[in-house]
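Some notes on the structure that comes next.
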């Protein structure tokens, strides 16, 4: 079958009988028509549509190794630096459609799955591991152009270091039974972005030592698997007007809690289970981090460009470019952008083949970028707020412009180089990006995308090859040790 | 008549025929029943109700010098340090009802008017000045317990230093005619908080050199004066549920653009006009800055206490108090609070009588506090976000708790020391304070409350008595000059 | 005898046969003539001289309760707020002589001893405690106007939390024997500022849990006690020219390592020993922290004033006061100064009697100040460097001005409002304060004065009375717990 | 002749009769034996020696296009990316000898001259310009391996924007006469690093609009030209012990004021004169900025590596690597290093031929690096201070280790994994790099290397190609303008 278009994507989703709870109610009709999801699904449909358009097809797809049909470039396992660049150009093209704001465009989780599958061989001959399931599932996903959400955060009941999280009733999702059909999961996971709005749910665990073998697993199941329940937070769609809510009306990716109410995961969908060591190490040794970070940082660069463009437009609109402190703030954005771009370029330049012959961008450099962006993104948003100042507070609406008071607005809200309507559009975009509930959730999302920033920072230090530099000082001082 | 209660306040507002535009429509019914305004007006009604309650009366009122009836303490012109403390205790009591979040509780503009009126004598014998109008209006306001909004920001068309803002059609509100009845105003002012939701509109100009005598004036007029028009931004009321929107459902103070469509200001309401020098200086020499900052900083201290309490509750809920970096963040809040409190105390200790016998808190110290708070407030909000982390992203709603999935929530969203419902209430409050559209507008509001922070900072330096310290160094180095 | 003058101070020191090692050599001659110590001792002698001058006597001394003779105000145990102010005025007067730069003017350790002695009663009836020795020693010190250094930092061999610091040979000073004459100490302590340059050495332990009873003690001994050895670091006296080295030529307080080579501390000089609990708690319950911080913060305020004056003089010299970014930097200094002053004022306003009837400034507020200053001091120094910029790099010397090239200097190095010589004096002072080895040691000194800043910050959080604020939020949200 | 060795370098310098004033005295003997200059000249001699060593010759030199003799790689005008890399490897090799600390290794000014000369063609047919003189001088310098200092800062009398710096007596160096032999210069320039310690002085002007044609020139003259006078600041050589002063004893590059006392610059040494437009533009259009920044940033990267190595050694010495806040600080250094390296790599990847066929690294990217480093360098030094903490305060000297108290030191000053002597060496290096007068001058040097950071930042914004990003937003919002 290969790459799908938007219509197919929507149809498939509407057909699923996924259990989604929204504001205390179980969704019953078509999810593509629900006001909280509609904008997002249309945006994603638009992205899928691009895949088969002649203008983009070569960038967005490659011929399936099994059928020759065009399949999504995000499923490509790169073997050369050119493959890496192909992947990046696809990521950029999609990211640019939404200013890098859509965190979970299809390529993100396709890339995650591809990163894991590219290292399936590592699972061979390990206990309770099914590398073939993983490879087969990757192929199926590629050929059917499946969409995904995933979830790896366990409930945050108690973050004390002294607390080991045991209770009689499973809280964090875990295996409660194992039978001939598969494994039975009970408990919850937090924060599945777009949870319930994709064909499949990918579940695995990252980044901590596991005290409990029953919490160590990786699998994928259809969103409408029995016993699977998505509990959404309130939507941050501000309204359906693109004028008033240029971002949230289209890009709001709702988050949800995932409840596993004795969910059966059939064996062919289990990649590994009850193997804490594998659960801990596979994430690290596989292509997961390299490829996922390559996707994410590419998107973040596009987003930083979006912010720079928007900032410059604000400066232009109210003519503040001559102020030294404004120049300083604009330069901060430029430095942020150039730093991220340079790190991406370095990671690609220093890409190397892994032991299975896949070309991985340099992880150490990507980690630096992944530590930098969560630090600068909140500041970039703050700069937008500082440029817009009180102008971000009193924004007239689309309907106001369509009413009798338009003449007042045209006169009193005009910008130095812009009509009132243009100015309001620009400032409304700035508001939606940095000050709406949608925008602040984006800030929190970027801040924690790669995990706890404190842990990331510690990890960067611990794994960085610093001893050669220490050795240089030992030589400089003629020390023995 | 003296101090009013909430019922009286609402009745009076509903009776006015103020022209308010909301989302392209002119408001027609009672404003107290409009969903965008209802919560706020009830909150303010509750504040007015406190004035006459036996438990608070002595704190909230003093006997009118003309009638002996209890009148609002915010109208008191202080003559002693005790008077200053009385004023502060009234401000604190009101501020604590809303955690310091309601920026425009009635005492704010009452204090502004009182600060101006306390120096009315300065206007005597100056051209186009009417000190008696100002004094009479202050008395009227006090006796009738009038409520106010004000506005002093001119349209931000072009902020370049090279731009002198002239156009044929008035953009910034200015005098276009002067006749026996009064002065005629045409043009706009931006950003009247609660514009249209008060009995009166106070108009004056601050903080810049005036190129145009026609823009130099001060007056007050009823909100429903003919030709006066308030154009609201979109409301940030997230919804009517106090559970889901603990702050915006009650404290959203809408902002509006004020249009003067040939508004006649009758002479008895004009305090001065067409005198650029007076317009520039009166604000500085009068009690305005001292008394207004005393009110604002008292409220900001209460708000900082609110933030500290909320932060501590988050720490407790997920049990993160043992982490060094959490302790560091909590200490930042404590330092911010103690700094503000110490500055307030210093300003009061060093209060001194002005030339008309009124006791002013030390302005220089208040300016320091007024420079500090806009710097720390955004950081305090960021700390709340950093403490709550991903826990702020997936908050279930009131209706979710009332539905069949409550048992899931009770289990999976519980905190270390809190039930799921309590935990969600605490995190929802954190979200509404710092991440909702209501919350980010608060951040912008505090950031710019006292004006452009860069200008404030420059002003602090320019007016600070630093020469004695320079002289000490001259002596130390035995320099001649 | 009572307060001494400078001559007496020098004579007494020269007479001691203290074992001081400097750059690999044991000092043999008079220490007051050694180039590394001379400037400091003269500065201190000048301070002592002030005590008996009619102009200062009432500020610097009070009548001895035993003899009626004038004794140093720093020995006064305050019983009223007036007493506290008297103490502060004395501290300010001395601090102003050196711009607050002399960290260990005599009042610092006199205050420390007074703070401990004021709570001697707490030691009564506790094991191995001698409150009478402490009281008697305080009286002796007051009547003879003894000078002190102290030391409480143990060698920093290994700062890992996993390391418990045991070794066969004592490294940290500890009791190795106890006999009828007293206790025998062996081991070292680090960082005695002015070590060897005072009559006495005060030894006690602060701020950590003691694993070893043998390290738990407090005592005082003459600097020339047998077996006591002071090993100095290199001197940071840049030279004897006051022009070229305005600070280091006079205020360099050398630091030393203190070695106890089986030092006998006679019983009458032991305040407590081998009681870990007392060693840990006495520091906290006694007046030590309140009174010591009161002294230190007063000095730091004087130093901040010195920095503000110097900064303003630089601004004036090269005429840069009109730049917005300069105004911003100057405002940072002003904010720092006003914050410290306000906190001091609050601490004094809220002073309260302790259980023994002594008036202690509010410790909680002083702790805030003690957390703030180490954070801002390095930034204040950085601001001085940013104001002076390249002008701090090429400073001609005193001898250059006395040579044939003076005419070049007069022409080319002049300032906007200053002669070349004046300008160079000002910039040289800025250099010596922030860029000389003397100046950077000052930065490190202030940064760590109160201990490890991370621990201080944690401590501030842990001990702050924050629950009332958390309770207010519980009420606001109507929570049960 | 081609590349010289150290002996030749020293001999040539000693032979010059340069007029150097040090601490009020004119230097008379050999400068290579003066304690203030000796260490530096030996260090530079060592660098020159490397050029002809077989192991380095291919990296350090290339065959002269005129003679075929090996000449310094820093004189190479690059025509390919390989040439650029050759240049970088030479820069790195030299920089690594001194940890990147020697700011003015010979390659710096050789590169500056080469950058200017590579664009000499631009001067053709412009008024008062002598491109042939510039080309010929570059060739001469290359063939004779001349060493340089330069100077472009005018005296900082008054930095007000209102001040235009006119006086009767020339203060800033300017042309006072023009005759058949050449031009006559009178006045001063500030801050020639190594002024007087090189064969030649290069003079040109950068980065501002010239009000005065007489100040617009570029030329080179021998250091001992008549009337040329170098007035040194005090030396920051702390002493001759490499143990106690590992950096200042060897790398102190003294700064000096340059006085032109009617100095005749012969025509063949004049590159242009009395052409303000050329003086302003040539610096910008020539290869100067690209090549100079390429050299400087390469050195700064080496220095950052040095700091990382030193920091890691401190961490290891006192075993503090497990602390989260230490890991955070170490990560800051790593992020700084990786950012600089990535930017350098990007600048080289995007190198392009200029109109005269020379391969320039991408200036826009180098400017970002040149804005980043002055911001992070002071913080890197602060991190070193925070890691070393009180351990940086009491450092025993070389002679102390050679004396009887060595046994005390060995015991009490040891580190967790180091002997006392090793530990002291490491901490002394940290002190000399960040806290000695030498170290703080380095901080100021890096902070201002590329000029006023505020202006640099403004310049970065003004010249950055940001409009494409603004256009993307215009498209996103479907704006017309």
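Per-chain residue numbering starts at 1, and chain names A, B, C and D are given in the order in which the chains are listed.
By definition in this document, a residue touches a chain if its C-beta (ideal position, glycine included) is under 8 Å from a C-beta of that chain, and two chains touch if they have at least 3 such contacts.
Quantities reported herein were computed from a predicted structural model and do not represent experimental measurements.
Enquirer: When contacts are scored as defined above, which chain pair ends up with more C-beta pairs, B-D or A-B?
Expert: Here the pair linked by more C-beta pairs in contact is A-B.
Enquirer: Report the chain pair from A-D, C-D or A-C that duplicates the B-C interface, where duplication means over half of the contact pairs agree by residue number.
Expert: From the options A-D, C-D or A-C, the copy of B-C is A-D.
Enquirer: Taking each chain's centre as its mean C-alpha position, how far apart are chain A and chain B in Å?
Expert: Centres of chain A and chain B (C-alpha means) sit 40 Å apart.
Enquirer: Could you put a whole-Å number on the gap between the CA centroids of chain A and chain D?
Expert: Averaging C-alpha atoms per chain gives centres 44 Å apart.
Enquirer: Once you find the CA centre of chain B and the CA centre of chain D, what distance in Å lies between them?
Expert: Each chain's C-alpha centroid was found; their separation is 53 Å.
Enquirer: Where does chain B touch two or more other chains at once, residue-wise?
Expert: Chain B, residues with two or more chain partners: 324-325, 454.
Enquirer: Okay, in this complex, where on chain C does chain D touch?
Expert: It comes out as residues 21, 23-25, 153, 155-163, 169, 171, 187-188, 190-191, 229, 231, 233-234, 238, 244, 255-257, 259, 318-320, 322, 325, 378, 382, 385-386, 389-403, 405, 408-409, 411-416, 434-437, 439-441, 443-445, 447-448, 452, 454.
Enquirer: For the complex, which residues does chain D have touching chain B?
Expert: Residues of chain D touching chain B: 324-325.
Enquirer: Along chain C, where are the residues that touch chain B in the complex?
Expert: 96, 99, 246, 305-306, 308-310, 312-313, 316, 324, 327-328, 330-331, 334-335, 338-339, 341-343, 345-346, 349, 364-365, 368, 371-372, 417-418, 422, 425-426, 429, 454, 457-458, 460-462, 464, 466-474, 476-477, 479-481
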